[in-house]
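Two complexes, one shared chain (chain A), two partners (chain B, chain C).
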Partner chain A sequence: MLQHLFKLIWNKKKQNFLLIIEMLISFIVMFAVFTLVVYFYQNYNRPMGFEYENVWTTRYDNPAGMSDTDSVTEFRASLKQLVKAMPQVAEVAFSNVNTPFSDATIGGGINHGKIQARTNLYSADDAYRDVLGIQLKAGRWFSKDDMGAREKPVVINESLKQELFGNDNPIGKTVNDHDRVVGVVSDMKDEGDFTGRKNAVFSRVDTSNQLWGGVMLIKVKPTADADFEGRLYKALSGAIQNKSIEISHLDKLRTGKNQRLLTGVIIILIVAGFLVVNVALGLFGVLWYNINKRKSEIGLRRAVGASGAAISKQLIGEAMVLATLALIIGTFFAIQFPLMNVFNLATNTYLIALALAITFIYLLVIICALYPGRQAAAIFPAVALHEE
Partner chain B sequence: MLKNYFKIAIAVLKRRKFFTFISLFGISFTLTIVIVVAALTDHVLSAGYPDTARDRELFVTRMKYKGSKSGSDISAGPSFYFFEHYVSKLKTPEKLALISHNYATSTYINNKKMVTQLSYTNDQFWDVLQYQFLEGKPYTKQEIDNAEKVAVISESTRNNYFGNGVAAVGKYIETDNIQYRITGVVKNVPLSREYFYADMFAPYTLSKEDIHNTDLIGDYTGVLLLHSKDDIDKMKTEYNQMVAKIPMLSKDLDLRFTYADSYLEAFTRGLPFGNGADSGIGKFILIISIFFLLFLSLPTLNLVNINISRIMDRYSEIGVRKAFGASSKTLVYQFIVENLIITFIGCLIGIMLSFIIIQVFNRSNIIPDMELSINFRVLLFSLFACLVFGFLSGVFPAWRMSRMQVVSALKAQ
Partner chain C sequence: MIHLEKIEKVYRTDTVETLALNSISLNVAKGEFLSIMGPSGCGKSTLLNIMGLLDAPSKGEIKIDTQQTTGFSDKQLAQFRNKKIGFIFQSYHLINDLKVLDNVELPLLYRSSTAKQRKELATAALAKVGLSNRVKHFPTQLSGGQKQRVAIARAIVGEPEIILADEPTGNLDSAMGNEIMEILINLNRTEGTTIVMVTHDEQMAKKTHRLVRLFDGSQVQ
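Let's turn to the complex of A and B:
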């Protein structure tokens, strides 16, 4: 049966060639779209890894001309004191510009022995984990005892732990030849709900390694309102002369970030949707036309005893074989993405997308062939043969 | 002759309504997307309020240090110091406009937060950029030198702060705990004019950042206005000579990159395509073209398939015409013209659809004050795209048809 279908297709190879190319390109488009959707969906399903509610951020900078370690330390301590003294403030932490949802990233390399990895670099102080509610998976967070430690303490996240240490216990191990891992925290989706897995290394904010300004994270109590924000703003403007103060709320930044990404995805989906409708109509038209052309052939088959269902099955089968040919070529190209690790996505993202794209194309072809197939099944042999 | 083709094309369209629908749907939707994207690109990349003299302007938007050994680099806007000490000494430009990046400043009134995007400018900024003053006038050089607390605000800032249409000149506005006297109100600029958008403009002497800081990296953008567009090459040469004379920052960061660019060059340099002296325009256009062709390939293939079916439908007609002596060339020509006619009908529908989409977009205020329009350039481009599309989808089926054997074509009847 299958052999027979192949023969039928081969006899019309010229006509079918373009159809196959069209299915092939549709498949590649759908594979790309599904990869995107699956990737974002998988990310969306992972936990945030930290709490963004009631956390505010603002930039800060040292007063003009201040550059020695002691006076910067003192300045930061008094700034922290000032903010923490306000009744609606729960906790204050200093960090660098790459706070959650901020658009800024700081990247770098890290190694453990011979294993190299790319990672995001974060500066955090002792209160950073409490402000953002990051979950500790192993070891400990920074504390006062780390001040002046001989080996710089660092905390890494789970993704990086997996990449550098596999299933070994990373606590106490050395990275970058002279830093010591003291803790492991859960992954943070700090670039929005759809962020993929990113490596992270936290190092302790210390006036010896960060003399310049950065960002202050302020955890406020739920009672904090715009009125309080106004007072906080006045107080900060008084204390930080050298920088325009802008208080941002992490939950609003998150919404903005998600919206921007979703807008892009929705535009892509709309365009892809139109392309699919276009292709579906085209396939439908061509199949329908082909069947009309083959009226006499079908009539002859009916006359020698084929049932309507058999005819309809044959036509759908032919379309499926065409689709299969296109999918085999398409899969060959698609499978290169996980094999060559093109965009650094997880293999199972590609595989799910591949399965979805294949199913989608088959469904599309079946739906497009269904009506013409039924029509062909309804052909009366007498009428069809009479035309000849 | 053309009139005949037109009649035939219409007759064919009427005969198989379903195929006509598929063709027109494919053509019009594809062109709608092309036109909307073209309108968006045109808006972002071409001159418009307040930046109207773009053909004789060069932009200085970036300062990059790079270490030739370490490979590390720092990139940001040039600093005010850089413009004042180096760029303003150049002889070719007529004027130099300077504007800082936006600073978000806040005011809290009546338990409400108002965020104002504040940019600092020099006095020539108001000569180079043609902001439309609804009332008042820009601040003067005198006021800047005296560091007077004056500001020009946008229409929407005025409406938010003082109420709709209330005159604001001479009144005071407070933000960042500073009271500014308003000297003028300008028409809103859309966010898409990234260098020139701000809710409020103030003299650079009021900036909190230290303007005497001798670092070359900062957060200013400079616009060099030339006497005529013929000066562009001269200006670029002079600029590069000036850059070569700037002392080195440090041993680690021994390379400097900063250029006087046309708007498009400055735009592509900001994307990952630009590298060193190459602004990346070539790569940018190449990638856009590849994307465009890939996007067009699917609807084109679809149309080719439909067209082949249509032609097969007219087997007998073609056979008869061939038998009576029509050459293959004539038939190919006829079919391509027919296809172009269909494409143009689809194109008209596409233009109407994109007109509706653009109206909806403008009304929706997704990007405030951004007014997209289908202007002459965009229309010309869409007609071109339409021509390419119609030609591509017509050539292959026509070629197939022309190779048809007369005998088999007639026998099919």
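Let's turn to the complex of A and C:
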């Protein structure tokens, strides 16, 4: 029977071409949607790699007239002392503007010998790891001993370590020709829960390029409340002699970041949903039309020995064969994504998305063919044969 | 071979009730070639459809080859038609998207047979109707007479004991009609196939063993 279905479909290739194209486009869209969904789901399931609860970020402008690095360094030390002295503060660290869940990113290139990679660049002081609870995987974090080191110490994350060094130990190795790796930390999902793996390099805060102001990450105790935030604001504005202070809570920034990303995903899913509904209606319509157009054929098949169930199976089978042809073409294109490492996603992300998209298209086709198939099965042969 | 007992067929709509067949009782013997005649709308095709189990009577009983068919499930009816009955229609009912050979193979698809067996049987059936040279043609490439011969090949490919022909020469000119009639007569004579044929053509009917006339759903002869 399968051979018969292929013959029938092949002999009607012109009529079936558009249907195959429609299924193919739906498959490609669903493959893209599922890739996105699987990618986000896999990322969501990865550990955050740092602690954002009870961590606040504070941005401020330096007091007017501060124009050299020595005065900035001195001012920062006093500011840190001031904040740290507050009873609700556990730890304070200076950073650059690309704090977790901010919209700022700083990127650049990094190399180890001939291996090159793109990476996010972070400025951190000695307390940065403690404030964010970043897990140390190898080596050490920065300390006062690194001050004035001949080779600039850097800490890299696991993703970058894997890309530059593979399974080798990176500690003590040179990157960028003059920087020395002193530690490896876990990957941080600092752009939101759904962020993918990104390379990261941490270097000690350089005050020479932060004459404008600074960013502090403050780990507060659970007892820190709005009153404390008010007192903190007051203390800081007194110290910097201006009111250009912005205090944000990482947990709220995280929620906002996730919501913005999810809004985008939901919009994509809605658009894809409309497309699927359109395809489903189109498919349903074509199959329905086919039944009406093929009533005489259905009647004949019933007359020569096909039961109602056999007719229903045949129509669903035809739709499945068409779907299979579309999916073979679609899979050929989809498989190029992992093979050519497009978008730098993991192979299993594409493979899971591929399996889901294939299952989805088959289910869609079965659902769309089921009712017309049942209607065809219910046609009385005598009536169908009468309608030529 | 075919035994009809007080067959009635009523078509009902919300407002109208039409009696298409009124208490028809008929016996068709094994190997008989019977023709049914009557004016348009008298119930000839309805009677043929009921004999062929394509339609169910409103009342009455049908026995084919001593088997009581009332109460058969849809699947049983389909299997019964497949094995016992071949159909020939006025408008051929060929599937234009399938080649001649594939059209003839159609009844064999619904019984257990291999592709090789199907091809052999279909080729043999086409040879019987003189169409061995048209196996790879599509129905649209054939004349009316050739189409009807393909339909006959399809009807006999499963070696049924009964052939029901609904105006098989109705769409053909007299020469073509005679050719088709010859094939049917030959089938009846050589294979012993029981044939029931609905026709409007008195000349064709005269060539059969027996004639049954219907008028307004009732048997008048």
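By our rule, the second predicted complex is superposed on the first by the 363 of 388 C-alpha atoms of A that agree within 3 Å, B and C clash if a C-alpha of one lies under 4 Å from a C-alpha of the other, contacts with A are read in each partner's own complex, and residues count from 1 in each chain.
Simple rule for what comes next: contacts are C-beta pairs under 8 Å (C-beta built on N, C-alpha and C of every residue); 3 or more make two chains touch, one makes a residue touch a chain.
Keep in mind that this is a model prediction, so the values were computed, not measured.
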item: Touched partner set for A:A346, first chain B, second chain C, both or neither; value: neither
item: First, second, both or neither for A:G299, with chain B first and chain C second; value: second
item: Partner chain(s) touched by A:L281 [first = chain B, second = chain C, both, neither]; value: first
item: First, second, both or neither for A:P381, with chain B first and chain C second; value: second
item: Per-residue contact with chain A, leading partner among chain C and chain B; value: B
item: Parts of chain B lying in touch with chain A, wherever the complex brings them together; value: 18-19, 21-22, 25-26, 29-30, 33, 103-106, 108, 111-113, 115, 118, 176-177, 208-210, 297-299, 301-306, 308-309, 312-313
item: Contact set on chain A toward chain B in their complex; value: 15, 18-19, 21-22, 25-26, 29, 64, 225-227, 229-230, 233-234, 237, 241-247, 271, 274-275, 277-279, 281-282, 284-286, 288-290, 293
item: Contact set on chain C toward chain A in their complex; value: 45-46, 49, 52, 54-55, 74-75, 77-79, 81-83, 87, 89, 91, 93, 95, 97-99, 102, 105-107, 109-111, 115, 138, 154, 158
item: In the complex, chain A residues that touch chain C; value: 1, 3-4, 7-8, 11-12, 296-297, 299-310, 380-382, 385-386, 388
